[in-house]
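Both complexes shown next keep chain A, but they swap its partner, so chain B is in the first and chain C is in the second.
And then the complex of A and B:
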């Protein structure tokens, strides 16, 4: 048994849709150690959020099927009954969401919702739960927590609502916190404050964090290790330093190139990755990224590309990984 | 300990007080809703205490048959010499009883059916097909069929109307719950380990309360009308007990000789329905959070 907090092995999540069965997460494996922040990066539609929701199995059970293993505290979460799973949700694994505007119930006060969450998980009296809620709000840096308790969600700003969500997620000392793009809907200053708060709280509670984002700047700031996803597959998996120094997958390189640097000339066009993520109904043969790849070779479309291990903690799903990892600048000699 | 308790309960009081006073203020500014509310309260008062003053609606007086409105009988008398005012006042009791009880029964049943359907696909398919079937019948026809099967009694009128109107409430609740359940807070609740019961009844139910209340007022109005129509057709509240509908029926054949037999119960029906609809429209505006911005 490893000392990992969470170990996802060969996770496959598929949906029954009106246009047939689609696999949104296809053979994804990664792990999170206690106190570690693991980032999951990719464009919209890459399966990041589905991966996060699969861990707690929050997707519509009537149309979703899972396979693989999600090992957490010695249990395979995919094998647990709904009742046993509810004992994990909110108690040991908590989640915060992308959209703080609708993540709180509009008809209840902040205090009622926080207290409800605490009472659901802890056997304490109502008055102590309220006091604890105020304490949690103060911890997340909300000014005047006592008066906030009596306010409704629409009276709070986005950043404050996200702090309330974080307070709620931390209400029962989770071992793992899943953050699904928690700062995407917030402005940059608030984003920085929330990230700082998450790191402080992680250290205080010694929890692991699985951080879903599309923002490489955020990854550089808070993650220890990174999983890069493309169209349901892991395309690169490594620690954050290797990722930024020696990206070994053309997709990772493309993502980095399309992030503007502080010293970039505003007159220059920002490099982009051409095209868009294909839909899950039309997954290309061979390398899934080939259509959009600047370094594509004819072989790329002929075989299924496996995740290639480059070093102890670095893997990439590209036949040219070895060349790329050296940092050489490559081209495909004009092949399309 | 005592101190914190007092502060806690004070806060609680303040909170509910301010929320309620805010709603009352907006309600007061909505003139049509206030008018409807006042008329409806007046009709309720008439139904509650009117019979104490208006005399016996069933006492026959052949010597005063078809008397036109006069001091002794302000609304005149009918073809058996019964006082129209006394009968209209007693009829208000029947109409409001039928309307209110039907509105309550359909709200409860509709909320249960609607929420359940929103959360379970199989239940949804079955329950909504049943309600499609019920809604395909004209309400009055279905009510007559049910009354014919179960017998002519006021309680059966209520049962028939509840069966007829529950699908309409259930539809509204279901659609509001379908919107609510896609909100992120429902997923957040699930991620917190909340049970289905807690999500559905404690968290989603308050979000569908506004459309439910509005629909209940319209059911209230519709049941009064449908009850009157049933009684008019002779399938509602059984005579000699007065109801607005069977008073119209009695007056129908004599409409050219004794206009007061139809005009007064008709005026009662019209003003009650108008009041309920005005109140319902007002509530719909007031409970819609975008209404103030629209104005």
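And then the complex of A and C:
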């Protein structure tokens, strides 16, 4: 075993739907080391959230099946009993979500909910749990934590609610924090504060963070390594600097180009990725991105494309990766 | 119409929402918009930025005539150069709106053609052949064909629905479109498609946009002038390049330093 905190190997998650079985996560592998922030990036429908939820098996068990391995602390989480899994969820792996309002109970005070979470995980008395809750709230930078304890979720702003969720997630000193778009619903000024807070807390607790986002700006701010997903597959993984300097997959390049940067000329159209992510019922043959790719070649559609390892910590699922990684500007000679 | 004259002006708009108790007594008052004046020019984009709760959407809704201002008024310049003064909520075919959420802003039980025809009927258009031609033109402008007109909203993706929202605004030939966070709910690749479309329509039709957003990179790319709202007031207004080069107000400065960096090499440990 390596010194990784979490190792996901060939994870496959499929659902039974009215229109047949679909595989939302298809052979995904990655790892998270202690103290590391790993970003999972892609558009909606790429399987980012399903990947995150598969780790703790939060999806409806009656219609979901998993295969592969999720190694965490010497155990394969996919093999654990429901009882054993419950001792991982919220104890050793915590999760925060995009919408803190729907994750908090509207009829209980912040104090009740935080104390309940602490009591569920720690063998301490009510009074000490309450003191600990106030301490956690203070750590997340909420002003007047004592009076917040008596308030209900609707009395707090979105940023404050997300801080409460973070306090709850940290209440049991997790080894791994899974953050699913935690700042997407927040204002930029609040987002900047929450990202800063997550980094400080990660350093303090030496936890690993798996950060699900669609925002490359957020990736640039806080991630150490990045996994880019497209339609259920990993299409590129590497460290954050290589990703921004030498993106090797046309999808990664497309995502970067279509974000209006400071150098975007207002006189020019933004580069786009044509079309949209196909549904899981219509997964294309060959390269899944070929339909939308500006660099597509006839052979892209004729074979299953494997991840091509370009260097120690850089791989890309494209037959033209080697050319692309050199930073060359390519075309496909007008093939569609 | 002279091109340098504003097509829409807001004069000292204010909106106060009051919360009432069970017996109808006013218990608290919230001044959502406080003395906001701005003007929109043909073919130009005015971006209204600020955090949630700063009053940007309320301002947009007053301009469109969806809600009545507590005080102040809006003037809209008609094609013949005359101006209409608007002090209460009232539909105005010259001012249309595009909403943030393309999922909840389209009636799920109507076909696309029906949704667009309704906009025309509201402004008094009845002739079936005119309805048909105008709907076809509007759908065409956003890249859809007659075949799409027969489908229901759920058959479209988020980006496509936003195009339908744009077509619905265009169908009555407005001069001004209020865009309330039109790309915030979309993925970046789709966002770029919609931004390009909005720019093309502006160039082709000379539309004035009020673009409500919290995304500063979109502001820089798309807008000519920016108003920064904070606690219901416009605290700073400037031409876009000037605002980014030399922000004056404390809140504007904070907003600009909060924008995520575009490359990891720009990280600083001291970033606030």
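Keep this in mind: the second predicted complex is superposed on the first by the 334 of 336 C-alpha atoms of A that agree within 3 Å, B and C clash if a C-alpha of one lies under 4 Å from a C-alpha of the other, contacts with A are read in each partner's own complex, and residues count from 1 in each chain.
Methods note: contacts are C-beta pairs under 8 Å (C-beta built on N, C-alpha and C of every residue); 3 or more make two chains touch, one makes a residue touch a chain.
A quick note: this is a predicted structure, and the numbers were derived from the prediction, not measured.
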Would chain B and chain C fit next to each other on chain A once aligned, or clash?
fit
Under the stated touch criterion, which partner chain does A:260 make contact with: chain B (first), chain C (second), both, or neither?
second
Figure out whether A:294 sits in contact with chain B (first) or chain C (second), or with both, or with neither.
neither
May I ask you to decide whether A:89 touches chain B, chain C, both, or neither, giving the answer as first, second, both or neither?
first
For A:168, using the defined touch cut-off, is the partner it touches chain B, chain C, both, or neither? Pick first, second, both or neither.
first
So, does A:120 touch the first partner chain B, the second partner chain C, both, or neither?
first
Which partner does A:56 contact after superposing on A: first (chain B), second (chain C), both, neither?
first
Should A:22 be classified as contacting the first partner (chain B), the second (chain C), both, or neither?
neither
Return first, second, both or neither, reflecting whether A:283 touches chain B, chain C, both chains, or no partner chain.
neither
In whole Å, what is the nearest CA distance you get between chain B and chain C after the fit?
5
Counting contacts the way the document defines them, which residues of chain A are shared by the two interfaces, the one with chain B and the one with chain C?
none
Give every residue of chain B touching chain A within the complex, in rising order.
4, 8, 11, 15, 121, 183-185, 187-195, 198, 202-203, 206-207, 209
Given the complex, residues on chain A that touch chain B span 53, 56, 58, 62, 86-91, 94-95, 97-99, 102-109, 116-117, 120-121, 127, 130, 150, 165, 168-169, 178
Which bits of chain A are touching chain C when the two form their complex?
43-44, 157-158, 187-192, 196, 214-221, 223, 240-241, 244, 254-255, 258-262, 264, 266, 269-274, 276-277
Where on chain C is chain A touching in the complex?
51-53, 157-160, 187-193, 195-196, 199-200, 214-218, 220-222, 254-255, 257-267, 271-272
